[in-house]
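Next come two complexes built around chain A: one with chain B, the other with chain C.
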Partner chain A sequence: MKKLMTTLLVVMMIIPIASEAQNPSKRRKLFNNWNNYEVSTVQVGQDGTKLLKVWGFGKKVDRAVTQAKKNAVHACIFRGIPGNETSMSTPAICKDPNALESNLDYFYDFFETGSTYLQFVNLTTDGVPSGQDRRKVDGGYKVAIYVQVMYDNLKDRLETDGIVRKLNSGF
Partner chain B sequence: MKKHLIKTLLIVMAVGLTSVGFGQAKKPKLMVVPADAWCIRNGFVLEFDNMGTYEQIPNYKAAMQYSSDMRAMIASMGDFMQKEDFPIESLEQALKNVESDAGFDMVSTSKSGSMLAESPKDKLLLQAKPDIILDLDFEEVKIGPRTAIKFNMQAIDAYTGKIISGNVGQGTPSSSIDKTIQLQEAVLSFKDNFLSGLMNHFNSLFKDGREIVVEVTRWDNCDIDFEEEYGDTELGELIEQWMTDNTVSGRFSTQMATENRMKFDQVRIPLYKNDGRTALDARGWGRGLAKYIKNTTGQECKVQSRGLGLVRITMGGK
Partner chain C sequence: MNNKFFYTFALLIFVSASAFAQSKTLDDSYNRNSVSKLWISFGDNFDNTVKNAYANFSFGEKYDYNDLDVTAITTQTNRGDATVSNVLDILNNQNFGKSIVSYWFNRNSEGMMNDEMMRQRSLYNVNDEDVMIAAAAKVSNLADRSDALIRQSYIVVFNTNEIKREQLKDPKTGKVSVLWQAKSDAYVYQIDIDSTFIEDLYMNMWIQDDDTPEVKAAKKQLYDSLQVNMKTVASVSGHGASTVSEKNPEESAKQSAVSSSFEALLFKMENAIPDWQVKVAIHDVHPIRSKIGTKENLKNTDRYRVYYYFEDKNGHLKTRPKGYIRATTIADNESIASGETPMSRFYQISGGRLEPGMLMVEKKDRRMGISAGVKYHGANSFFIDLDFLMHINDLGFCSYPFASIGFDQREEFYANLAIGYGHGIPLTRLFELMPFAGFGIDYMAHENVDEDKIAQYTAFFAEAGARFSIQPVYPIRVFVQADYSLNFLEGIHYETGENRFGVGLSIGLRYAF
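Presenting the complex of A and B:
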């Protein structure tokens, strides 16, 4: 009887996790977070990297920071990064505007919290942002962090996974 | 046992056929060439009096021998292109090849007996045959006590003269950073934008075909010209009709059409022959047109090409 109860408990714990992954509203929420965020280049990074300032929004500061890291990687893949007076703009890795829709499952797994995207965020101001970089807004916090994105590694990964073409493919 | 062996053999044959069956398009060659403006600004020029007109032409050899800055920029670019599996052609090596051919050029004359008239850039391009020229210009600018690197790097299609990717910008001003580091920073600054421009160009290549330039001319001693009629149609029109049938979506522009010479640009040719596996370049495609002209007029044609993207067909003999 005790064994049965334990099994039931384990099953009950697993079901919500599994359904969360497939839940359309959660998925919508993840992708809707990318409709509006700000990102800018800080300076030319070391070879293969981009040094960015990126904003994220969340109910708590921690969540906003997590979202900002996702936004940084998202910007490199889909949006491109605007330049400034000392560095040129960086184009998006995925040129195809339908890349996200056509690889929805791939990117859902890629951007799940604590998932693959973190491999490409190399250096952040992981402490709690303060001052101008932390703003209390309706429904939570808007915070800015400084992130070093491993741009070349990210591009290589997407090329290897067949999401984007390599420069020399076809030749 | 026998069945197993046959099965294995079939698999090996299938794999072999697959690898042979799908050809690769011909890879464009890239070469970094110092911009004329950079050569003039830095004094790497040859000066001469061209029948009363003072002219300056770039001296690439001197630039490569004496400018460590240019060499640093080219090395940085070569490094990241190598990582993309797209090594760039060495300008220095191309210059050496030009020199070794100099003796040959000394005795080269045209049919009319005149000597070859080529600028150093023509010679270089003819020797190295790059398909994409990376025209590089940069200078050190003073901003108060600090210096910054201002750069202008254009990727130019060698045959159409179109700019594939333009990159202009200025690096971070500094009073303490070594100049080599600043130059490398400049390269890193435009690297991704440049690669993106190349990628767009290659995507267009795969989608709409290779863009080439086609010239059709006739030798002086050829009996017929492009206004000669076959049935009710002039030869020039027949050539245009053939072009329509043999270009991607019939895309080409007739830039010039006279009785002696026709020139077509923005000609989009397929990347592969009809068999779908043999890579096609301007020369291969031009041979088809030469055969058509021969079949129509009975005249032999000479096919000459430069790199992958320019072909000249001369009617009236080889």
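Presenting the complex of A and C:
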């Protein structure tokens, strides 16, 4: 009985520590996924939107697609979007290179799978990625998807949330 | 004997497995191709026959047609002397490439052009993903993607280089039969232009309404002096033959020999030219469905090979085959894609687990199978079957009419011919059970038998049974077969050998091609 009580006590002490410990590792994983991905402009999007082809990696195809959607929004916020022969390049919404680190909690919630970022991205791929846009690589799949990012809405949201300063805020 | 048999089959399996494991990189894009067809007139008595066969030849819905003013090219050479290279010279000397460009842009005698056909064909070529992307784009350019389509313009020249009449004399009876034979080649040439050509055409040769007369004249002159060459992409051959009979007189036999020499040409051209093979992604896998159909001339039993892309350790993109599928239910998709294109269904006949997004590439086969087997009991010691896959349904049930030839060495030598029908029931992807039934004629060989007495040495027989097969590697199946055969209507000199009819048990191999 005493042994059982001791075991229960230890388990009860470990569980909260373990769940707390998950967050930093999750964060590291979330941010590591942004070290290396490709994004390109497909065509000029409708007003206020960007039409992008973006790559993502995941253990399974659906996870890679999810990551690619996050990458599309990440590119608009932090990296900027390269131009092509029909469209100009677009600078990042967050000009401050430390924006991510200084708003870590905000972006962690923003990019949590299935959360806020999804409001700004529409999939324009027919079904799942196919052909050369669906590649088996070591440890999973690398996929490319075509997405429409609601660029202006995204920018407004970040301004409203105080992550990015409004253009007229300096006057 | 048994060892030889085993090693031959083992080698076959090894070769097939090696071919299956090869990796390369496939292009995953597919655009509709456009074709013009021509035939070669040699100015001899056979021209009309060839012209009729040419007129009846169709490429089907899969292709757009560039109808040129000319349908034949004439040559001073004899039939049989035209080659793929001298036909190319004729095409380039007569500037057929420019005729194709003029057709694409509906150019008139005044040099005015329009892009109406190009826009229509571009729209017909787009797929659902193009439509979805266009809907999200500020300016839809679905109708402006013509470069690839124009570059995929071809001329197919039919060269029937041999038509001959043969008299065959039966050495025993002296009876003479007449056989017409024909050999036809199809030479395929592609327009030889690059991506800058269309741009140059628009910039320097496209006459605008508001151009000054001098500019119009200069542009017209520039186009008139344009040389557009063709290049050779494939050359394939087909043979045909037809025997003269009361129902099939000389002219008719000659015509059917030439026409049948044309029949296999499209199949061979499509297998020889990668751009002519439809490529599309698997959309769903339960059941396997894809957005192609009648627009791509898809027919029940058409075979596709499925590939997936992977990156090797160096990051190079490669393709690896995953399996084969056959079309079962065909969708009518002969309309401009709207984002909701109907899908055709397929059944997997070999390979591993398929997933949505994998690439399907058209790999038509003859839908035939040849089987060889040995029988431990029953009418034949050794037999060869030739079957034809007539139909396959959504569940993979197959219809196989077949013909069989068998040999049996007992006290006498027996040979027989049979025809029948089998119904393949897939138990899993690897196993198939095929009940079958057929009937045939069994001949007991005997020395010095006159032709009119052969019937006295024959018997009819009927057989029914079931074949169970396993497919260790496509296209090879190993089978065991149990059947029951029964002879009847025996000729007066026919002797049934011991254990020749009744229950039979066989094993063998089937190779699909």
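Everything below uses one rule, namely that the second predicted complex is superposed on the first by the 148 of 171 C-alpha atoms of A that agree within 3 Å, B and C clash if a C-alpha of one lies under 4 Å from a C-alpha of the other, contacts with A are read in each partner's own complex, and residues count from 1 in each chain.
In this section, contacts are C-beta pairs under 8 Å (C-beta built on N, C-alpha and C of every residue); 3 or more make two chains touch, one makes a residue touch a chain.
Values in this document were obtained by computation on a predicted structure and should not be read as measured data.
Shared-chain residue A:K59: touches no atom of chain B or chain C. Looking at the superposed arrangement, the partner reaching more residues of chain A, out of chain B and chain C, is C.
Once the two complexes are overlaid on the shared chain, A:D47 sits against chain B and chain C alike. Contact with chain B, but none with chain C, is seen for A:S89 once the two complexes are overlaid on the shared chain.
In the superposed pair of complexes, A:V128 makes contact with chain C only, with no contact to chain B.
Within the superposed three-chain model, A:K166 lies in touch with chain B and out of touch with chain C [touch as defined at top].
Of the two partner chains placed around the shared chain by superposition, chain C is the only one that A:K142 touches, whereas chain B remains out of contact. Of the two partner chains placed by superposition, only chain B is touched by A:Y151; chain C is not. For the contact definition in use here, the residues of chain A common to its chain B contact set and its chain C contact set are 43-45, 47. Contacts from chain A toward chain C in the complex involve residues 42-47, 49, 51, 61, 122, 124-138, 142, 146, 148.
Interface residues of chain B facing chain A in the complex, by the touch rule stated above, are 24-28, 80, 83-86, 148, 167, 169-173, 185, 188-190, 192-193, 195-196, 198-200, 202-203, 206, 271.
Residues 43-45, 47, 83, 85-91, 95, 151-152, 165-168, 170-171 of chain A are the ones that touch chain B when the two sit in their complex. Against chain A, the residues of chain C that register as touching in their complex are 28-29, 127-129, 132-133, 135-139, 141, 279, 281-284, 291, 308-311, 313, 317, 339, 355-359.
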